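Next up is a structure, given as structure tokens.
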Amino acid sequence: MQTLNIEALKRDFPILAREVHEGIPLVYLDSAATSQKPAGVLDAMDTYYRRYNANIHRGVHKLAEEATGAYESARERISRFVNANQAREIIFTRNATEAINLVAYSWGRKNLTKGDLVILTEMEHHSNLVPWYILAEERGIELAYVPVTPEGLLDLDTYRMLLERKPKLAAFTHMSNVLGTINPVREMIAAAHAAGALALIDGAQAVPHLPVDIQELDADFYAFSSHKMCGPTGLGILYGKERLLEAMPPFMGGGDMIKRVELGRFTVNDLPHKFEAGTPAIAEVIGLGAAVEYLAEIGMEAIHAHERQLIQYALERLEEVPGVWVFGPEASQKGGVAAFTFDGVHPHDVAEILDGNGIAVRAGHHCAMPLHQKFNITATARASFYLYNDHRDVDVLIEGLYKVRKVFGKNDKPQGQAHG
Amino acid sequence: MQTLNIEALKRDFPILAREVHEGIPLVYLDSAATSQKPAGVLDAMDTYYRRYNANIHRGVHKLAEEATGAYESARERISRFVNANQAREIIFTRNATEAINLVAYSWGRKNLTKGDLVILTEMEHHSNLVPWYILAEERGIELAYVPVTPEGLLDLDTYRMLLERKPKLAAFTHMSNVLGTINPVREMIAAAHAAGALALIDGAQAVPHLPVDIQELDADFYAFSSHKMCGPTGLGILYGKERLLEAMPPFMGGGDMIKRVELGRFTVNDLPHKFEAGTPAIAEVIGLGAAVEYLAEIGMEAIHAHERQLIQYALERLEEVPGVWVFGPEASQKGGVAAFTFDGVHPHDVAEILDGNGIAVRAGHHCAMPLHQKFNITATARASFYLYNDHRDVDVLIEGLYKVRKVFGKNDKPQGQAHG
Amino acid sequence: MDDLARELIIDRYQNPQHKGRLDPHDLGYEDDNPLCGDHIRIELRVDENDVVTEAVFDGHGCSISQASADLLVEKIIGKPLAEVRAITKDDVLESLGIELGPVRLKCALLSLKVLKGGVYGLEAGQASDELL
Amino acid sequence: MDDLARELIIDRYQNPQHKGRLDPHDLGYEDDNPLCGDHIRIELRVDENDVVTEAVFDGHGCSISQASADLLVEKIIGKPLAEVRAITKDDVLESLGIELGPVRLKCALLSLKVLKGGVYGLEAGQASDELL
């Protein structure tokens, strides 16, 4: 596997040439929130708007045919990128959140009734919790949570015990956006299947950073978001096994998801259109098509290896800084995410001082409040890496953390609030 | 009111410089399907991606603050553009279709039960039919339809009679995407209110083309789409009166729509975030912000006047062409949409031959099958205008239609299938 | 679309050779193109050796959907069902003699979809694009 | 953020002057910033003329939310409730002495939101941004 030429890659991303404050260049360490976009992706969308912008599927004219062709061939490319069996198993939604809600509304309301069990985990993003809470309130289904160990791993013994209770669905994240933990999803899916349950995987953090082969995983549903994988905002993806999608009732009603409409009656369209009501995110799908092409060319194995190296280095260096506590497992079990607290300094203050040095990290609960509650904290600061980050970026982060110490350090009465 | 300088306006839209086939420039007459985009809108999105792309709301770093500021100030601008009372009444969705589905799912499932009546019309787009069909099937609510007269107007006497049956909701389009009819929505809303019903307006065709003042209309819900009004794809807008939105349960669950999440419980966030789960269409909202600024600067009154002039001229010229039959009311009661049939020639063939001359028109049922059934046809060809069209474009269309005659004319046995 | 091919298509559209109904028939099947409302019904008579002896189409739609149905029906008369099942997309496009974008392709292939639905004995409206 | 203002804020954060609880109190109110988990509770004692005689805050969060609460509580001691109701966003920002982006603004104004919720007698957690 070749190693990446990060200097060259950085040049693909116009924003990385930016100065955040005068003379202070951007060090972007917030890719878990959203990734930056290479120029090729922006160009693909711009070309669509400047050359062949048209509504799709129903148009006979040249622009509409070009747009339809580009949209559907992007679907093919995205389908191949995650190795779906067929492009019609790829449904476009607003974001990963909507993808999960689609399953909860359509599959969930058809298949789950009072007393049915759905297994979640304590490390889920709110996107993979709240849709099920809403359903639980409405339908009286039961929810159970796989605990997170102090090291930041899923407690798989408990998972197996929960499976014995014959759940209908196990829904869990492929990679935690806080701990960075990469879960053993293939084994977990196999165990779910053995117990007669379906498996929904939240792959929002996985597809951008790891080679993902949905067929090999044998996932029943798999959700992810364009904007975290070099693609535009406004687009999410739901993969679903064809026979499941076929059996599900439609979710939203409107144009394109119908075959025929009369007053008071309609016939549902074929997949994938059945779940894509109204004008889709045409430019965005074309943009994501360019993004997966870009990522595939670099190679997901190479990206993953690069990030592993980087997180290993980052964890080593973070350990040096007095007062810094990183959450999650060791480098070999995680992706490029380091969430940490800083004794006596609130994560917001950490992030703000780092921002003064041009470093973008996120502070807060990262839409994983239950996980933070588990560790008895309200917030963490989080540095997250992507293909365009390098060791130098880690060094700048560490320098920044020493500055945080200095700003807060002169008075040595830490309040411990970062941990409270 | 100044008249528009169309030559100059055309230059704002890069695509209009395109040749569709060699030597044949684009004449874009498909704006009712989706509008073209001025360079300023594309630049606003490109600048976001190249300068300050970041996830919003939860970030402390500079990029996140800039992005949050741009996103929320675009919401303010869009809110002012339609004169909503407050920006928090503006909810961003995937498209107009999702906006209507949001009302059907959240308001509808809370407030409608078996036997409740919802009034629709025969001229609705599938987007404002199918969500209610789904609800009717699920909940046993009753649907009634305001008929369309042969002239293409709503039969308001029947509307008033239906209101006497105490419906809970009247949901109708501001402007038909086929007939072009501009409905008397202010009076219809007032009548609905007098009967104790709420009114949802499908403004997908109105906001791009007419001055719309939601407060003056007193609409309870109002839905429209970015891509039809010079903005990007992947974005729709739901306006809702604050007290209604406040009382509605959330629709999708996930990040940003919560205030607090614990295992098994959550607290809903304030408006508008309550209905915006997950990462929103950030670039797209910023793009639409630029689009409404562009439209406001030109002036919606001026745009409407220009289109009225254009449709008047188009209707006159279409009348000349033997075998062409235009649907809908006279120019004074409609916007810039002319849907027509052509004796002995299927609309698809019309559109394809016109495409040979660089003219983009749409052929089909335009997501309004029930309306077509009413007129006993399966499809129409549709030319639709926007601010960048002029008399010359109409002339090119008419020339194209004479070519259609010629291609099909040598054999004079029309099958009448365009009408069957 | 080149002019000669278009002339053929328009001629077939305006003067179909195999339009009508067969009463009784051995196989009948219909479907429509939801995008534009084209509708095609195909009816066949088949002899004891599973050879198509008579075939007609009925329906309405654009010149391409109708001409392609007329040409397709013509092609299968006298053929054993096994051969009919083997007809491909490309056969249909070849007999039309034109290149088509993704949207018109659906018009051109509607009749093939209908035919396949019929010969595979599916219930009306159940044929999917994958049969092609 | 300029260095002097930051020093003041960090000093207030590390050495708050008015942190604690009042038992009993006449008014008590709390809320949090959902975006970052900052939490503020404010408790007041008010005399028969509706003048604030004592005030404290409690909670946790970033330096800005905590310092702003400490400064706000300090400001209202000795003031009639009518005047407390009239305190604006700008007053709070002025006493902090810094310019803030939209996200940190919420941290800075959380204490004011809590205070307003209390003096307007709302139920816990019902104060909205509009009070500011």
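Going in written order, the chains are labelled A, B, C and D, and every chain counts its residues from 1.
The rule is short, and it goes like this: a contact is a pair of C-beta atoms (placed from the backbone, for glycine too) under 8 Å apart; a residue touches a chain by one contact, two chains touch by 3 or more.
Everything numeric here is computed off the predicted structure, so don't read it as measured data.
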> Which other chains touch chain A while also touching chain B?
Replying inline: C, D
> How big is the gap, in whole Å, between where the Cα atoms of chain B centre and where those of chain C centre?
Replying inline: 36
>> Counting only Cα atoms for the centres, state how far chain A is from chain C in Å.
In response: 46
> Going by the touch rule set out above, which residues of chain A reach two or more other chains?
Replying inline: 58-60, 62, 64, 258, 260, 348, 352, 363-364, 369
> Which residues of chain D are in contact with two or more other chains?
Replying inline: 35-36, 104
> Which word fits how the chains touch one another: line, ring, star, complete or other?
Replying inline: other
> Could you list each pair of chains that touch, in label order?
Replying inline: A-B, A-C, A-D, B-C, B-D
>> Touching residues of chain D toward chain A in the complex: what are they?
In response: 1, 6, 10-11, 13-15, 35-39, 60-64, 66, 104, 107
>> Give the list of chain D residues in touch with chain B in this complex.
In response: 32, 34-36, 101-104, 125, 128-129
> Within the complex, which stretch of chain A touches chain D?
Replying inline: 344-349, 352, 356, 363-365, 369, 372, 378-379, 407-408, 411, 413-415, 417, 420
> Can you name the residues of chain B that touch chain D in the complex?
Replying inline: 57-60, 62, 64-65, 68-69, 72, 258-260, 267, 269-270
> If you look only at chain A, which of its residues touch chain B in the complex?
Replying inline: 14-15, 18, 20-21, 26, 28, 30, 33-34, 36-37, 42, 45-46, 49-55, 58-64, 93-98, 100-101, 104-105, 122, 125-127, 129-134, 136, 143, 145, 225, 227, 232-236, 250, 252-258, 260-266, 277-284, 348, 351-352, 354-355, 359-364, 366-367, 369-370, 373
